[in-house]
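Just below sit the structures, each encoded as structure tokens.
Common to both upcoming complexes is subunit A, partnered first by subunit B, then by subunit C.
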Partner chain A sequence: MQEKLSYTQALILLYIVQAGLVLFRFPQVEAQYFGSNGWSALLICFAASTLNILMVAGIYKLGQGKSVYDILERTIPRVLLFPVYFAVVAVWAMMASLAAKEYIHILKMVAFPTIHSSVFMIVLGLLAYYLYGKGIYSISKAAIVFLFLTVWMTLLLLFFFSDFRWSRLTPFLFREGTDYVKGFFNLYPAFLGYELSLVLFPYSDKKTKLTQAAFMANLYLTLLYVYVSIICFGVFHYNQLKHKLFPVLDLLAAVKFPFMERIENLFYGFFLFANIVTVAVYYWSAVETGLRIVPKMNRKLLGFVLIAAATGVAAIPDTLMETEEWLREIGYAGFVVSFGFPLILLAVLPFQRRKGKSGLEST
Partner chain B sequence: MNVFTFLFRTLRGRIAQPSGHPQSRTPAKRGSSDVLSMQHVLDEFRDCADLTHRSFPEIQVHLVYFSFLSDPDKLDRDVIRPLRGVTREEVPRLLRETQFQAVTDRKQLIEGILKGQTALFYRDEPYLVDVLGPKERSIGQSETETVITGPHDAFNENAGSNLSLIRKRVRSSHLKVVKLSVGEVAKNDVYVLYIDGIVNPIYVQKIIERVRQIEVDAITDTSMLIQYIDDSPLSIFPQFLTSERPDAIASKLVSGRVIGMMDGSPSAFSAPTSLFEFFTSSDDYYQRWLLGTGTRLLRFVAFGITVTFTALYVAVATYHYEMIPANLLPTFVESRSRVPFPPVYEALLMETTIELLREAGARLPTKIGQTIGIVGGIVIGQAAVQAGFTSNILIIAVASSAIASFVIPSYVMSASIRLVRFGLILLAGLWGNFGLAIGLAFVVIHLSGLTSLGASFISPLAPLQFKDWKDTFIRAPFKMLKERPEQTEALNPVRMKTRK
Partner chain C sequence: MKARKLALLLLPLAALCGCGQQRVLERLGFININSYDLLPDGQLKMVAFIPKITGEGDSQTGESSSGQTGNVQMSGQTSGEVLTTTAHSSKEARMIQSRQTNWELVSGQLRNTLFGISVAKQGLWPYVDTLIRDPTISPRLKLSIVDGEAGDMLNKNYPQHPGVGRYIDRLLEKEIQDQGIPRVLLYDFERDYFDDGLDPVMPILKDAGDNVEISGIALFRDDKYVARIDSKDGVLLHMLRGKTRNGEINIEAPDGGKGLSHAMLSSLASNRKFKVGKDAAGRISVRITLDVEASVLEYMGELKIGDDRQRAKLEALIAESLKDRAENLIDLMRKNRADGIGAGTAVRNHIGYAAWKNMNWREEWAGAKITVHVKMKINNFGKFR
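After this line comes the complex of A and B, so read on.
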């Protein structure tokens, strides 16, 4: 029998998946697009993501926890669904590979400027494949261990309490902001990841309280982002933040111990733990969707093909700037999937219920 | 059947079975295929120079046994002397005594002789007498799992002694023992122990099934056996906890785990187990809780040191000099300046030397082993630094890692972790901190996929079971240890009634 995820497993898994994409650069986005106290924009994103999670909760309840693909295929012919599946597979797989690529580019910038990014991409791809191959239950277990290996790093920001000035936060809200809408769409990918809870339906039961776990993960993530952002806004002025590419990394670089300093590259290395879970879970979700297109294909083979293909495509953007541009574009697509996919499901479910066609109990 | 044949058979039956012989202890009627005659037994054991065949022609009794497996005193007292003191007519009466067990099955007879029992043939009717008494090691201290306080007795190679050590500690009729056999040729006895009413029967069933499925000529030790029944035999980490300490095994039993032991092996195994169980020692429970907690935490720190310290040195010395504070940098650079090798070669050289010393020390007698330690530790270490082969900071790193690895109570786990360290050193030499992170991620992913009898190997960390942390990462006061570990899925999870 398929082992079901526990509440904490689901919570930590979704939390790590969400935290893995743009943790190092989002304070800069806040400062650039929203200006003073730009961190408050996180609350707007939180509200939007919570709305999205409520949609997921509605699907879970109406669909009685059945697979979202089963729900769709009961009403819409599979052939018509193929383009949707293709789009979801492509978006999720590319989000995974570009997240890995961005990580590699920053790594190169921090420590290995001479090594070709393809070498690291292949290593990361293999590691992601190894994690993916363990299945979602083991991935969630690994996520818990990785959380404990990384969560203490947030405490390091307490080092900056002496440099923190409330006056740098200013009493103004969103002053000198540029484009709020664009800012929202650039910031929102930092919250993406909860939508993968849609794929976790068959791996959860009532005890999992999946949607509650997704909500709590989103809440904890927002608190983490707010904490990191406020420290960044209080240590750097928002005008300074606008010109910093990775303000969180700059902060970590200033942490000093009597026996060690410039620890940002060590901690950036450890950030691989969160990144690899994000990457593996996006790949895993893409494969789950891909299996609906080619149901007879071996799961591990499809995973390998997909990871290899996505890694190959991610090799196209050559520089960090290009990769970020791609990631921004795929972030928009991710936003569309995160709202569009649940909307389709919510449109289909009442139709099924009205027609008395759900027959969900019988399956 | 004609009349003569009937009379002959009746008469023969009367001679073979005198009146008054208890029916229950009389050999049953056998088919022609199940031959139990002494000659067949002697044929079975032909060319076995250690087999002894003694005859008492005056009373028509023959004894067949392996003298090296028998206790000569017991044999004399229970078999030889009584036989010498009876006449032919008195033999049937003698054979009614309890030590003579009638045998009806050829396989039972052969196995009995192989186990050290003496086969007695009276007019080709076989009996087995238990005179087993080979030389066995007396119950002594464990050399691999020493404790400062608490009991010092350890298992030996005799399953009977080992079972008695457990029974002495768990005096309950609920302690059940299932006897199995492994090895097509060697036929070694395996005992599966559990406490009925506490253990989850699924785990007992799994172990029994896995042991029964083994098809191999011989298994000579528990450490070999567990490799046949592991969930992931290719993994570097052991998925069954082995121990030589009866007190540790008894505590595993009452916590709802299944125990396995083998005749001929001084260690027992326990399952399901988790990675963190390998970091616990009986000493933790015999000391005050705060001391036990401190020691346990120290072991986890040691685990971190042994896995990462040398690799971190290699990463820093190869790629990340900026991580060294300015006031430490001159010492570091000066130490490294005379070494002609890249840090990864230097580290691997020293780590290999330490492993050589450890292996040599383990194989040699204690006194010579100590000398090896002095020669290796002082002479080679100091000479290597003076000759410029290695930096003294690396010596500190390697020595700390080695010492830390010996803090881990389980030798098997400690050895596995040391091997992991080599992989991390190589990755750190290749890609610095990123390589180290890749290596650690690989280990974590591997551990996440491991199970012990189907239960998570990294429980109670994942899946998160916070209430078990108080007897995993710390050793809380006994008053707080009221429940059995969740990993065991015990039928009766409560181990202590709540006191108000």
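After this line comes the complex of A and C, so read on.
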């Protein structure tokens, strides 16, 4: 019998996948687009992502946990589905490679300014490939270990207790922001990752409570984001935050222990673990979808080809600004996939229930 | 198996990444303090101090082996190397300095930056901006102003305190701890600069012969130095800017018409509160309440601090004196249109966004009715009644 994911595994896996992207710069996005108390925009994103998870829950229930690809292919001819699959594969693979690229650009900036990013990209691509090759169960087990390697860092922010001022948050809501709609779409990628639960259907059973795990992961993530953001808004001024590219890194850089300081590069190194899980799971999901286009292809080979291709494409933007621009664009595409894919499924499912019922009646 | 072999082949590649950019500790010159001065021709004079790795106890009393090359002067000094340069920008200066030393200069251990008063009057933001931008520079870098030329302080030999970088760093660290001066790290200055309801402040250092002395605190309007307050009012400024937990202040109070009495308040803890309202003329008024508790271990005056009644009288006298001093301090700030205590943040948060944006706080601050109320409590007077 195929081993199924446990509730905790699914929860931690989805949580880490969500937290792996744009973690270092989201308070800047809040300040730039929403202005004062921009952190409250997280609640709007939380509402939207919860709605999206409810859609996933609906699909799981209506489809009785069947693979989403099987559901689609029962109603829509496979040829017609190919463009959808292509789009999903491309978006997820590029999200993975660009998330890796951004991590590397920051690493370059803080520690290795003269080394070409492709050296790191190849190494990170290989790491992601080996993790991906182990399959989703092993990734989820690794995710639990990686969670413990990073989660303690949230405690570091208590260090800012004495610097924090509520008065700095101001009582104003969304003043001096720029474009709320654009802001929403730029902030939302910080939440993306839960949509991969769609691919996890065949790897879960009733005990997994997959959609509940996705909801809880999203809730914990939102709490983490709100906590980090409020500290950012109370330690920095929101006008200052607008100018900071990576406010969370700046916070970590200001941490000082009695015996040591300036260890943000060490902290940053730990985030590699969260990043690699995000990258590997996005690649894994892309391959799962890709296998529907070329079902006979060897899974590992497809993974290798896909990772190599995505890494190659991610090599095109060579500056940090370009990478960010690409990441923004792919974030928009990710948003479309996260809502579009479930919408297609929800459109298809009612027909199948009717068909299923009539099928039952006829036998 | 194949995959495993491939991994074995590729693993060295990952490990070799580390060789791409080597930093050999023995070859690095860690700048731990630097300074900026503005020359009459508009160029920057920058001095960097690199401590010797042999440590504090080293007693090399070197003659200044100054070798002038172009506009760069190098001198080997006790416990460190001093590099002096003139350039158009700080990074250019670093480049020139780098050509004059056998060390590979790095800023990762830069703990202090001193600005000459000439630079501070022109505005610090362009220099602070570079410091923030550089990811190798710590946001915990301490910023100070030097009364006079900052470079001279680094070039000077303080025989009692070898290693000027460490000496100044510890001096400031201790004073910050004792709350005699406000803590001004790079990110504090940056934040106060961006905050529209608060102006930055910065400690002022002065060469006092054999020592370096903290001579006052600079008040800024945005990033420009506008005025200074005396170092004896440092704790008071700290009290007016927020919570104080371990201050010490000397109070002079009139003593029943017979002259002045002196009381030393130690272990001083204080809380500050703003209350914003409007006066009869419709102008903004801010009432500042200081809730002060302290122990009095030294008192020279007519009153008996062991006596409850007389102690209450002393408390009232101290409160009155603190109030006068605080109001004088605030008047100085208002005269210079600099809000170093952050009253603007309270006003901003009280009056609403639209009203705040329509208001020119600097002008309003100069004319607003600001009152200070001090609640003073002596919580002990030592072990002798």
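The rule is simple: the second predicted complex is superposed on the first by the 356 of 363 C-alpha atoms of A that agree within 3 Å, B and C clash if a C-alpha of one lies under 4 Å from a C-alpha of the other, contacts with A are read in each partner's own complex, and residues count from 1 in each chain.
Here is the rule we use: contacts are C-beta pairs under 8 Å (C-beta built on N, C-alpha and C of every residue); 3 or more make two chains touch, one makes a residue touch a chain.
None of these values were measured; they are calculated from a predicted model.
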Quick check on the superposed pair: does A:237 touch subunit B, subunit C, both, or neither? Answer first, second, both or neither.
second
Which of subunit B and subunit C A:154 touches, first, second, both or neither
neither
Give one of first, second, both or neither to describe whether A:167 is in contact with subunit B, with subunit C, with both, or with none.
second
Applying the touch criterion given at the start, work out whether A:178 contacts subunit B, subunit C, both or neither, answering first, second, both or neither.
neither
First, second, both or neither for A:112, with subunit B first and subunit C second:
both
Let me test your reading of the model: by the given contact rule, A:130 touches which partner, first (subunit B), second (subunit C), both or neither?
both
Per the contact definition in the header, classify A:256: touching subunit B only (first), subunit C only (second), both, or neither.
both
Have a look at where A:146 lands relative to subunit B and subunit C in the superposition and call it first, second, both or neither.
first
Determine, under the contact definition given at the top, whether A:298 touches first (subunit B), second (subunit C), both, or neither.
neither
So subunit A touches subunit B in one structure and subunit C in the other; where do those two contact lists coincide?
112, 115, 120, 123, 130, 256, 261-262
Counting only contacts in the complex, subunit C reaches subunit A at residues 3, 7, 10, 13-14, 17, 20-21, 108-109, 135, 138-140, 185, 187, 190-191, 193-196, 242, 342, 345-346, 348-349, 353
Subunit A residues touching subunit C in their complex are 36, 109-110, 112-115, 119-120, 122-123, 126, 130, 133, 165, 167-168, 170-172, 175, 235-237, 239-240, 243, 250, 253-254, 256, 261-262, 300
List the residues on subunit B that touch subunit A in their complex, please.
319-320, 322-325, 328, 431-434, 436-438, 440-442, 444-445, 447-449, 456, 458, 461-464
Listed in rising order, the residues of subunit A that touch subunit B in the complex are 6, 8-9, 12, 107, 111-112, 115, 120, 123, 127, 130-131, 134, 138-146, 148-149, 256-263, 265-266, 268-270, 272-273, 276
